[in-house]
Each structure stands twice: as structure tokens, then as C-alpha cells.
Amino acid sequence: MNKYIDLDFAKLDIDRIKRRGYCEAVFCECKSNDQLLNIFRSFKEAGSNVLGTRASKEQAQILMEKFADLVQYDETSKTLTLIQNEIEKIGEIAICTAGTGDVPVAEEAARTAQFYGSNVKRYYDIGVAGIHRLFDKLEEIKKANVIVAVAGMEGALASVIAGLVDIPVIALPTSVGYGTGFKGLSALLTMLNSCAEGITVVNIDNGYNAGYSAGQINRLIEGKK
Amino acid sequence: MNKYIDLDFAKLDIDRIKRRGYCEAVFCECKSNDQLLNIFRSFKEAGSNVLGTRASKEQAQILMEKFADLVQYDETSKTLTLIQNEIEKIGEIAICTAGTGDVPVAEEAARTAQFYGSNVKRYYDIGVAGIHRLFDKLEEIKKANVIVAVAGMEGALASVIAGLVDIPVIALPTSVGYGTGFKGLSALLTMLNSCAEGITVVNIDNGYNAGYSAGQINRLIEGKK
Amino acid sequence: MNKYIDLDFAKLDIDRIKRRGYCEAVFCECKSNDQLLNIFRSFKEAGSNVLGTRASKEQAQILMEKFADLVQYDETSKTLTLIQNEIEKIGEIAICTAGTGDVPVAEEAARTAQFYGSNVKRYYDIGVAGIHRLFDKLEEIKKANVIVAVAGMEGALASVIAGLVDIPVIALPTSVGYGTGFKGLSALLTMLNSCAEGITVVNIDNGYNAGYSAGQINRLIEGKK
Amino acid sequence: MNKYIDLDFAKLDIDRIKRRGYCEAVFCECKSNDQLLNIFRSFKEAGSNVLGTRASKEQAQILMEKFADLVQYDETSKTLTLIQNEIEKIGEIAICTAGTGDVPVAEEAARTAQFYGSNVKRYYDIGVAGIHRLFDKLEEIKKANVIVAVAGMEGALASVIAGLVDIPVIALPTSVGYGTGFKGLSALLTMLNSCAEGITVVNIDNGYNAGYSAGQINRLIEGKK
Amino acid sequence: MNKYIDLDFAKLDIDRIKRRGYCEAVFCECKSNDQLLNIFRSFKEAGSNVLGTRASKEQAQILMEKFADLVQYDETSKTLTLIQNEIEKIGEIAICTAGTGDVPVAEEAARTAQFYGSNVKRYYDIGVAGIHRLFDKLEEIKKANVIVAVAGMEGALASVIAGLVDIPVIALPTSVGYGTGFKGLSALLTMLNSCAEGITVVNIDNGYNAGYSAGQINRLIEGKK
Amino acid sequence: MNKYIDLDFAKLDIDRIKRRGYCEAVFCECKSNDQLLNIFRSFKEAGSNVLGTRASKEQAQILMEKFADLVQYDETSKTLTLIQNEIEKIGEIAICTAGTGDVPVAEEAARTAQFYGSNVKRYYDIGVAGIHRLFDKLEEIKKANVIVAVAGMEGALASVIAGLVDIPVIALPTSVGYGTGFKGLSALLTMLNSCAEGITVVNIDNGYNAGYSAGQINRLIEGKK
Amino acid sequence: MNKYIDLDFAKLDIDRIKRRGYCEAVFCECKSNDQLLNIFRSFKEAGSNVLGTRASKEQAQILMEKFADLVQYDETSKTLTLIQNEIEKIGEIAICTAGTGDVPVAEEAARTAQFYGSNVKRYYDIGVAGIHRLFDKLEEIKKANVIVAVAGMEGALASVIAGLVDIPVIALPTSVGYGTGFKGLSALLTMLNSCAEGITVVNIDNGYNAGYSAGQINRLIEGKK
Amino acid sequence: MNKYIDLDFAKLDIDRIKRRGYCEAVFCECKSNDQLLNIFRSFKEAGSNVLGTRASKEQAQILMEKFADLVQYDETSKTLTLIQNEIEKIGEIAICTAGTGDVPVAEEAARTAQFYGSNVKRYYDIGVAGIHRLFDKLEEIKKANVIVAVAGMEGALASVIAGLVDIPVIALPTSVGYGTGFKGLSALLTMLNSCAEGITVVNIDNGYNAGYSAGQINRLIEGKK
């Protein structure tokens, strides 16, 4: 039987390291301050690391007051970490963005991948409108085990990269854009319909899952879970 | 006062060469055989050239029987022409497709542009999944006055081309693809949301309007309407 | 090899005048104040002109404090310019709006076209609900090399104009309207499905690309890039 | 209590002339031949007129064999009529189409209006791509009590007409078009978002309801129901 | 030639009473205070009545300060009127709402109809969830020349009313509701697909056009424009 | 451990009567003839009853040849039954349709409910366009334990019924209609947004689930599973 | 004849207990403070219980000041109750949520069911990402008469539960999620397309109708309305 | 410089093994018979293996006549292979389907993965409606390097599996279903919005890309490209 801590409003999966090979992440967006404090306290007591995503500045301050140096907050990616056990990072993931506006989502992916034990290299603002910027970095990008291609607007970056490399590309659409960008839908459809193979896609703005999935593949290639 | 021939079910714009600078085109798809014969006969008698689009093979046969050598049909593009006055072709339009499936729509654009007096060069199956095929042809493509970029699926070709040239790109989405391609919607959205400037877009599978618009711009650049 | 300035979060394309024939524009909306200052400083030092679009009043104030008279802001169109080299304007573009609410988007198009070296004439509030207003201006409009037709709601202006002229019409849908206007989708679909030829379309509210594309065509017709 | 004939699979509203002022119409599309024969026989015996819409040629033949001269079929509009009481027609409705492809839907509207006692004048193929065709007929169109504006593709005809007249315009979108016409959706949205007042809209391809509603208004203006 | 006042950003149609039989309305939502003052001043000087729709409380206060008692504001419907010539009201329009939340849109319709010279009777909160409330009022409703049926959520009110009367029903969907109500889309679709005839539909929340169209029909039935 | 028969391409749940209280149904639409024969043979040998839904006439003939009188087919509802154990029917479900076109889907619901042991009464063609037909049957309908309201087009029937009764209403939208009916979407949205309580909804044309769910509730009310 | 109190802007259905077996609920969201006070005063005087849904904190305070202890407010579910007659609760409903973010909608369902006389057990945060949490509670959940399965994001909880039990499952999608969650649309579609039978669905975030419908079925199973 | 064979209508990427590590696949659906013969002949001469997807039975027969035993066709998956060099298969991919109807798409994935050098195990018809079927196979499934989860309708299978394993899950939505399944859209949204991490998604019915991507990851984990 799997173990979890039952907080009534939430069931915390402390047994997860055994079952899935990874520790837990908390989606902070629709949690109250009390709920968040309760959850972090429980993990603190269980001696586990925790990653919080989509955390507001206010939520971060409350947790940092309570847990002091154990908790770190990154404002760009809105991620929170409580680290009690050192994280060994292996392999390499390349995270590429089409534009500057895609950086917050890319950072959520990057920090998630790092939290789960992968090295990350960042290549930002190399979209297809000035394709020479991508070609400049291509040889370096190809050395990674996995690529995360982050783009809003028309999202063509993933297709172009996948046509040039022979490693898995995880396409991460962002809600950057306006009008018929439809808050990321245009980028998502581009990525799903790519004529280049080897692209798989995650939800719009879901940097967490892109980073998690890239990390999982990277570690398996390196021979570890 | 403008003149037209009133056939009751249709009003034929024979005065159009004066008013708009171009002669008429006929959308054949929802015309009956009798209507089509009537329309072509009227233009024949008026001494005008005519272009028919989306014509079925059966429609073509009926007209070719009636008007013999004056009428020509191209099965790939489903275009019909009745030519009574020689067409002088000037300038150059580059028509590029991402894949082989986009060729019928590209041919509708090409033949429309030719009918309205432009030279056309074709660059087919140069999509971004194998981007070196595009780079091979790039210098040649850049010599045109206007580019028509034809693509279904994720439609990234237009963005990539527009990032590399400094001439107008007319993006022509096709319904090639399946699933979330949504019959061309994915390609259309990509093209509308391109991060490269200088792209304007026409309706899905509307080779006629892409060819017409490209021809109009090409001729104006060459100093003629 | 193309040159660009690598600011880490952004790669500035200072070599663009050679490659594409035009200098750079900056989409300000999702840039931080620091990023924006960095970007403008780099272009300043490189001796280049810059156009900023979708800039907030607050962003404008910060840049105007820093660069004083070199930077100008237009509140209606939310465009910023840093001008170090005089711009010669040639040819003529007619920018027409259906209503008063479409003016901000039209102004973005107008100022973009001017920045890239085209003359612009404005014809505002001449929509089809009172079509005599359009006919009053028609002869004047026809003198332009290119027309930009700006409309929200049902967006019929582009169709009606294109039926009356023999020059390219770039249709620019706006998000003006409510209910089934779906933030510009209705106008966009109208423009894509026009029964008049010679219309090509840009993204909803994308005054920048409409102005850029119209300017590019206008300059090519005038024999310059 | 209202009366109706209960056929088990259908309940026929023979009392409707008293209750609503009009006799019944039958939507033939998803009726079996037996059901249709039963329904028409019941109305025949009740001495009522009937209108059948969306009737196939095969359905028409079966009914014409059975009821001989009493039943008439129009192939273009796919309408069937069984007439036992003479219909007096009053007033005038103008039915205008943008193109030739819209004629079948326009004819369903026209024949429905005639069946319910209105005179109809037809103005076909006067769409906005060649707006002089509309202006030619305008004075005549203005003499009607109600206008039905029938259009597919971008559907701009209704807006333009409503801006020029001071009588009610019923806008009838058709599924003519392709790509982003989305089977009439583009025309429907145009009509709903018209910047001209006095337009009300019916379902795509619903010639029956457009004709019925126009007829109802026409007769009320003439002082009769 | 039609006359209008050219304010540069707007062209005011003062000749409209002659051309269309009605005076002008102003959509206030995207006008600046200065633009609004200019527009109202022009109509004031021309001696015309004006109706303003979607006016904010702040806009109303500025105009009421300027034009004192001539301008009246109704907060529920957000309509403004400047009345210089007395309005004679004739005939009768029944305006029915399904719920209490639909009242603001219904009031925009009611006040528009009154401004254009029709009498209005209101029947609010008589939706189909408690259908006896509708039946209570039915005989009274039937005395009108036209019915406006206003409903959000599932919008079934229009269908049920149209099945019970023999006068025109203008269906006015509202954005009341949540989830799959999709801001009025559900109500709109219900109304467009009604199985009862004699319903025509306007845009979501477009009380202005519903009131205008109902008034136009009502006045024509009463023998006046 | 639950038992099932593993046919490789399918896993048959013969243990389901114990686990869920009901025997199995087979969705025939995308099964090959061989697969279907295999599946029915397995249930035959296990001594179980089976219901097949969406079976083509051809599929039915193949099974009837093989299993003779044990298998029965109903062409309207496209349901197949193999009955080896007598079915006792209890309680009562009222199945109501708005129109004649909704009958095939209603019959799938009716026959599913009967197969799972409920009595069914049918009330067809009682839609809101002629609401007196519904009121005629209302007292009888109220005697059921559960109502299934089946409607396409605008789907208002469910709302009206639920406002008049105090028993559960399962709303079953059908794809009957055209244009903006969007193959049942309009009816579905109407049903989900009903202002009357006590309505729950199933998928478009899913007579099977409506019948199953109604039967389950009916049997629980009667005190049996 | 049914009785109701006519407040002009609202018609209160005090006779409803007789007609439908249940007393009234008030949707507070688009009511003014005055309207709400009027409505609650009328029910108070009629001696009826009332449930208010989607009430803001401010609305609650105004009513609690006026009616003191008779009115209770729950902030999580935004429900208000005015209780004058004791409510007897019978049977059992299991309300399950996938996550913590779904709790507010679940609480609206729970409190509605309780108001209408049903016992409720809550099972929160048992979504399919850690399916052992569901299995832990399964035997207990199966004892209910009805299950309400509340989930946002991908909404798979309802399918999984329905595959494991033989009692009715009412699926309640929530707007929890982002990107392609489309404010609950993804969860709704999942629930409508479930491959497990016995699931019926309500509108996104409509806890009120889910609680009402579950309560109605629960009470009927217990032999009471 | 990369090499390819230029067939005019197609550019064949024979150099791809070097560049991307994999040989070519051909999307047969919109190729003419002549085009297909030309393409296969070119690869045949170049000594390369080829995979054809979405090939019709007729296309297969033509190729098998020409190339005899070299070409093999699988009717379920519609895949064609021309094998000239033996394929060594390594590692293991688990391909799971929710139902029997998903098998053709699953087979396209399976055969693609095999063509590109991976071993495949199949687990068909183990959807969540009978979740014990999944649990029966779980230990075996967990031994794979990658899982492909194939499902139409509500597509919950991917979420449930991903919650139980710690290896990458590629979710492959199929167009199996009807009504609000919207040809696979419902399954796609479910998969994109999964609350379980480690799921990435491909286009609806795109078995080819799912198999390709799974194979790529599998081979990298095994230490080979």
C-alpha cells in the first residue's frame, strides 16, 4: 500500500520517490496561504525536497519567512524550492526560446529540470525570423540529450530545430502573442502539425511538464531514473 | 456607368478591364453546366479572355467540346482558360511549396498569375523539415518580385522564407494535413502569427487570390497594371 | 556571417539593414524596463534607428528620460521611435478605417509605414454603413500605390474597396466590437473570405505588419527597397 | 384546446391556421417515404395546403405519383407544395443574392414567402465585388416592404444594403465558400456584427425561416396576417 | 450628394433623417471624452436628436455638465439621449426577458425603440424554468406588433414564445451565464436553431440593434417610417 | 481478481454482472466482422446476454445467420441483442423527442433501457414549437421515475420539461439540424446551460448512455440494481 | 393556477414546493443589493427557506445585517442560506474531487444537496495522478446512492470512478487549469466522451445543479421527493 | 552540403541517415501512383529502406507488383515497407490502447517504431472503463523504456498510466468516438491537460510520429541512435 499524508483538503504523496522515482511538486496557484504552509510543513517534517510552481510573490514571502533559507524563490519563473537533500545534476538539456517573451515559461522548464536532477543550457531569442541566430548555436545545441523548444506566436521554432537534429524535441507552446495567436493555440497547433518527426508537445505555458519530461528522458539516457 | 451582361442568374462584368485593369474569372464550383456554357459563350462573343477556377473534369469536357481549341484545362489545378487575346507576361513570381501535397493549390496560384500577365518560377517540396532544400534555392528565389509560400500542416515555410528575404511574401495555407491541422486552420494561424514581417495571408486553398494578388504586385513593381 | 548583438535575453539584429533592407523594430509589450533600456542603448550606440511597438506610457517615459529628444512617443498608436538618421519618405499609402474605434490600430500601421520610408494619407470613419463617405474619397484613395483597409466588427470595408480599385489592398482586422465579433475574428474571417480579389490579410490588431508590408510594396513600386 | 393529428411518429398541427395565422410546413430531410406519404395524406384529407422543404428528388417523385397535379416540386430550392386553396399574394419582398451559388437558398426563401402569401422580386448576383450592379437596382429594391439579403463567403451584402435603405433587412447566410468560410460561419458572423442597423439574421442556409419571417412582416405592413 | 460633418476622426451623418428615415446613434465605448464632446456639440448645433449607447457613467457626467438638461442618462442600459425635438411614440413592442440578469440589455433595446418613436411594454423574468409566468402574460404580449425576446444561458425563451404567437420575434441573446454559456454563444445558437419559425436574431448583447429593428418594423406596421 | 476473456484485440468483461450489476454492451461501429463474430461467440458460450449498438445492417445479417433466433436487430436504432436469459422489466422511463428526426437516437435509448430491465413509454414529436402537444401528455409523463428528453436543433425541450416536473431529466442532444446546429453542439449547449435545475446531459447522439443512466436510476428508485 | 410574487424585475416562485417538490434558489451574481434584499424579504415573509448561490462577501454582509442569524454564508462555496424550516437530511451522496482547486465548486454542490435534504460525504484530492488515493476510499464511496465527481484539467476522475461502481455518477467539470484546459472545456469533453457508462454531466462550475440533481436522485432512491 | 534527389515534385532526402540518424518515410496519402512509383524507385536505386504511411490498398498493390517481395503492406495500419537492409531491433516500447477501435493507429505507431529499430510489445483494449485490465498488465508494461498510450473518446488512459509509472509516456489521441469527441479533439485535450507529469502528446491519429519519437527515445536509452 502506498503512503500519503492526508491533510483533508490535500493528500501528500510522500511515498512518491519509491513509486515514481521522483519527489513531489505543488501547483501553488489555487492554494490558500494556510494550505500552502501546511503542505510545505508536512514535506519539511518528512525530510523531502519540494518544488512549488506558479507561486505568487506574496506566497513566496510567507513561505520564506517561515522556512528561511531552506526556501528559494525565482520571480521570473514563479518557482519555489524547499531543498533538504542535495540534488545531483547529470546529462544535459538544451532549452531554446523563439523570443524574449517566452523566457518566463522557459525558466519554469529549466528550473523544474534542474530540480529533478538534470543540467540545463539556455539558448534564448533564437526564433526563425532571424534564423542565423539559431544556426550560430546549432552545433552546441546538438550536444544535449533532449531539446525543449519554447515558442509563442506562430511557434515554428520546434519544426525547424527538429528538422536539423536527431534527438528528441519537446515543444512547449507559450501564450505570447495576440489576436489569432489565441493565447498559445496557434503555437500549439503548429507544434502538433509539424512536418518534422521527433516532436512531442505539452500544454500551453506548461513549463513544469516540459521540464519534467525532458529531465526524465535525459536521466534515462544517462542511465539513471 | 459600368457595363455588364445580365444573364439573370449572373451579371458578367465585361467592362472590368477598364475599371479594374484585369479581365474576369469564373468560380465554376457551384455553377450548372448550362450556366457555365452561357457564361463562356457571352465572354466569347464579347472577345474577352476568361479564367475558370475549381472546374471539374466533366465541366471542362463540356466546354472543350463547345469551344474546341480556345479552351484549355489543367487537371492538377482545376483551372480552365479561354484565350482570345495573347497574354504578355512580365516580371517574376516565385511560388514555393512545403510539400508535394500542396502542389495543386500552388498550381492554381501559378496559372492565375500567368493568366493575369506574370512570369512564374516554381520551387516545390522545400519545407522546413529538410531546410537545406530551401537554402539551395534561396538565391534564385530572392530574384523574384514577390513570393507565394504555399504550405499545409504547420505552415512554417512562410515564416522562414520571410525571415531571409526583403520582398513581399504572400502566404497561402492549404488544407493538407489531418487531425489538429483542422483542414488548413493550423497553417493559416501559423501564417497570421508569424514573427517575421512582410507576410500577408489569403484564405485556405485560395490559390486564385494568392496568384491574383502576387500578379498585381509584380506588375505594379514592373511599372504596369 | 550575419552580425547581431547578443544581450543574452535578446539577440539584436543590427546587420539587418544589409540583409533585409530595413532596420529593426522592437515589440515592447513583454519586455521589462531594464531589457528595454538595454536594447535601445545598444541600437543608440550602433547608430541605428529603432521603432518600438505596443509600448506603454510608462515605458515611453523611462526611455524619453534616458534618450531625451531622440525618442518620440505617440500615445494613440503606442509607438516609440528613436531616430538618428533622417528618413526619406516616398510614394503613397492610403490608410482607411471603417470607424473611429479602429484609429489606434490604423495609426500603428501609419507610423510603421512612415518609419520605413513611405508617405501615408489617412481616411478615417468611412465604413460601409454610410457608403457615400467612401465614395466621396474614392478618387483620392485610388492615387495611392497600396491601400490598408482597417476594420473591426463585420469588416466589410476591405471587400467593398477592393471591388472598386485595381491596387493591392492589405486588410487589417481590429478587435473593435463585442459578442460574436469575438475580438476581431469576425472581421478577420470576412476579410479572408472576400469575394473581391486582390486582398491579403494580416493578424488581428497587427498594425505593425500591415504598415510594414504596405511600405515594402509601396517602395518596390517606387523602385526602391 | 388546440387540435392536431397524432401519427405517433409525428403530431400534425392542423389547427395552426387559427392559432398562428399560417398553415404548416414539413421539413422533409429526415423523414422516411412512408412518413412523408402519411403526413401529406393527412393534410390532403384535412383540406389544408402544405409546404415541404429540403425534399429530395426521389421524395418528390413519390408524392407526385400519389397526389398528381396537386403536388409541385422545384428542384433548385428543393421545395414541394400541395395546394388545395388558392393563395392570394400581397405586398412585396426583395430577395437579393451576392452570387450565383446563393440562388438555391434564395429560392427556398422566395417560394416560402410566396406560399405564405407575399409577392417576391428577385435580384441575383449583385454582390459587393462589383457594387455598381447593386446600385443599378437600388431604387427598385427600395420599393419593397422587406429585403432578404442572401450571401455566403464574406456576406458583406447585407451590411451594404442596410446602409442604403430604411426598411428591414433579413440577412440569410449561405454555406457557399471554402476554407475559412467554415460552411457559412464567416457570412453569419459578418451579418451579426454589421455596423449598419436594421439587420436581423437567421440560421445558415435557412431559406425557409428567412422567407417565413419576411413574409410575416410584409403582410403585417400590408395590414394582414 | 449626402451631407455629413467631417470631424476628421469621425464623419457625422446629419443628413440621415432624409436618407434612412432615422436620426443618428453614437457608440460611446471607444470614444475619448474630447471626441464625444465634439460629436454631441455638432449634433446640438445641427438641431438633431442623438442617442448614445454603451456610455460610461463618467462620459455621461461630462456631457450632462456641458449640455445640462438636454442630456439624460440611464445607468442600467448605459444609454444617453440628447433630445431637441419631441419624439412621438406609436404602436407597441413587447420586450420580454428570461431572467433578471438580462434586464440591462433589454433596457438598451427598450430605450432605443422609444428613441426611434415606438411604445414599449416590458415583461421581465418570465423564462421557461417557470413557464406559467409566461402564460400569465401571453394574451397581453400578443397585442404588440413585434416581440423582442431577451435571454442568456440556454436562451429557450424565444423558441417558446414564437411557437405561441403569430407576430415577428426578434431574439436578443445576452452574455448572462457561465461555463459553456460561452458569454452568450449558447443562447445565440439556440435562437438561430429554433424549430419555431418567425424568429430572427441579432448579435449578443446588441440591445441597440434589437430595439432599432423592432422599432422599424413596428412603425412600418403602423404605416409610418 | 476480476475475470475477463482475452481475445487479444479485445478483453471481454464477463464478470461485469458481479462487479457493476449489469451485463456487457458492444460498440459495433469500428469492429470488423471477424471481431464481432468472435465477441458474440464468446458471450454466447459464457451464457450472457449482449447488447450491440451502432450495428450496420450488414453486421446484423452476419450475426443473425450465425446465431439465428437468438439475435434480433432493430434497424431504426441500429441495436442488436443476443438474449439468453429473460429480462424482467420494472419501473418506468419516459422518453420524449422534440421532432421526428430525433427518433433513431431515442430508440437507442429506449432499447438500451429495456435491455437493462426498465419499462419505457415513448412520447415523440412534442417539441416546443407547438407546446400544446407537450402539455397534452404532461400528466402521463410525470408518472415516470426518470425522463429522457431527446432533441436536436435548439434543444429547448429539456429545459421546458424540467421546469414542469420534479423528477430527474436526462438530456440527450441529437445531431439533427444544419448550419449553426453544428451537428448537435447547439442542442448540447442549450441543455448544459438550462436555467431549470435537475437536468444532466450526455454526449451528442449517445442514446446508449442516456438509456443506461436512466435505467440505472429507475431501477435504484424501484429498489433494485 | 400557480402563484408567484411579482417584484417587477423578478417573479418569485413561492408555490414551487407544491409544483416541483423543492423550494427556491437565487442566483445572486447579477442581482443588485436592493434586488437581493427585496427577494430575501419576500421569502422571509412567505415563511420559505431560500438558498443563494454565487453570492459575494459584500452581498452576504448586507443580508446578514438585515436578517441576522437566519442567514448563513459559506465563503468557500459562496452560498447563502436563509433557513426558517428545519431540513431533514436522508440517504447519502459522495462528493469526490480530483484536486484541491476543485473544492469550491464541490462545496457548492455539497451545500446545495444538503439544503435540499440529502446527507453528503466528501472525498477531496483523490485524482487519477495518484490513483491509490481513490482506491483507498473506494469501498466507502460505493455506499452512497449517487456520486458527484468534480474535476478540472483533464477531468478523468469521473471515467475511472464510473468504471468501478454501479451507481449513478454526476460529472461536474471545473474551470481549474490553464492553456488548453480552456476554462473547463477539456474536463467537460472528457466527461461527455467517457467510455464508462452511467455518467451524466452538468455545466462547467455548476455545483448548484450537480448538487440539486444528485439530491433529487438520492431522495427518490430513499423513497422521498 | 546535404544531398537529396530532386524529382521536381519532390526532393528525396537520401542523405538523411547521416544527418538525422534515420532513413526516410513517405506520406502516401496525397501522392499520385506515378509519384509514388518514382519515389520508391529512387530509394530502391539508392539502396535505402523506406517506410510508407497512410497508403491505400490500391497504392500497395501497384508497388508490390513493381517491387515484388521487397515491398510489404499491412492493411490495418496502412503502412508499406521496402526493406533492403536488415533492421536490428533493440530495447522495448509498450504500446497500449484504450479500445479495439484504436488498434489501427496503434499499429502505425508499432510498425514505425519497429522500422526504426525498436522492439514493441502490444497491450490492446485496456481502457479505464475496466481498469482491472490495465492493472493486470502493469508490471509487464513497466519494463519498457517508453510507453505509447493510444486512446480516442475521453482519452483518460494516458493520465492513469502516467500516474503509475516512472518512464516517459507518449500520448497518441485517436479520432475514435462521435459527437463531442470532435474527431479526437476531446482525447487530445485530455492528454494535454493531464494532471500526471511525464506525458507528451502528438497529433490526432499520428501513429507515425508517436512511433518515431518513442523509438528515438528508446534507442537513446539503449545507448544508440
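Which chain is which? They are A, B, C, D, E, F, G and H, in the order written, and residues in each are numbered from 1.
The criterion applied here is as follows: a residue touches a chain if its C-beta (ideal position, glycine included) is under 8 Å from a C-beta of that chain, and two chains touch if they have at least 3 such contacts.
Remember, it's a predicted structure, so these values are computed and weren't measured experimentally.
Q: Between chain pairs E-F and A-G, which one is joined by a greater number of C-beta pairs in contact?
A: Comparing E-F with A-G, the pair joined by more C-beta contacts is E-F.
Q: Using mean C-alpha positions as chain centres, tell me how far chain E is from chain H in Å, no decimals.
A: 57
Q: Can you check how far apart chain A and chain E are, centre to centre, with Cα atoms defining each centre and the answer in Å?
A: Taking the average C-alpha coordinate of chain A and of chain E, the gap between them is 50 Å.
Q: Counting only Cα atoms for the centres, state how far chain F is from chain G in Å.
A: It comes to 27 Å between the two C-alpha centres.
Q: If you average the CA atoms of chain A and of chain B, how many Å lie between those two points?
A: 44
Q: Indicate the residues of chain A shared as contacts by at least two other chains.
A: Residue numbers touching two or more other chains: 99, 130, 179-181, 185, 188, 192-193, 197, 203.
Q: Per the touch rule above, enumerate the chain pairs that touch, sorted by label.
A: Final set of chain pairs in contact is A-B, A-C, A-G, A-H, B-C, B-D, B-H, C-D, C-E, D-E, D-F, E-F, E-G, F-G, F-H, G-H.
Q: Give the list of chain A residues in touch with chain H in this complex.
A: Listed in rising order, the residues of chain A that touch chain H are 19-22, 25, 145, 165-168, 170, 188, 192-193, 197-203, 208-209, 212-213, 216-217, 220-221, 225.
Q: Given the complex with chain C, which residues does chain A contribute to the contact?
A: The contact residues of chain A facing chain C are 99-101, 103, 124-126, 130, 132-133, 176, 178-181.
Q: For a test of understanding, state which residues of chain F touch chain E in their complex under the given definition.
A: Interface residues on the chain F side: 98-99, 127-131, 153-156, 159-160, 162-164, 177, 179-182, 185-187, 189-197.
Q: Give every residue of chain H touching chain B within the complex, in rising order.
A: Touch residues, chain H against chain B: 1-2, 4, 8-11, 13, 16, 27, 29-31, 35, 173, 175, 183-185, 188, 203-206.
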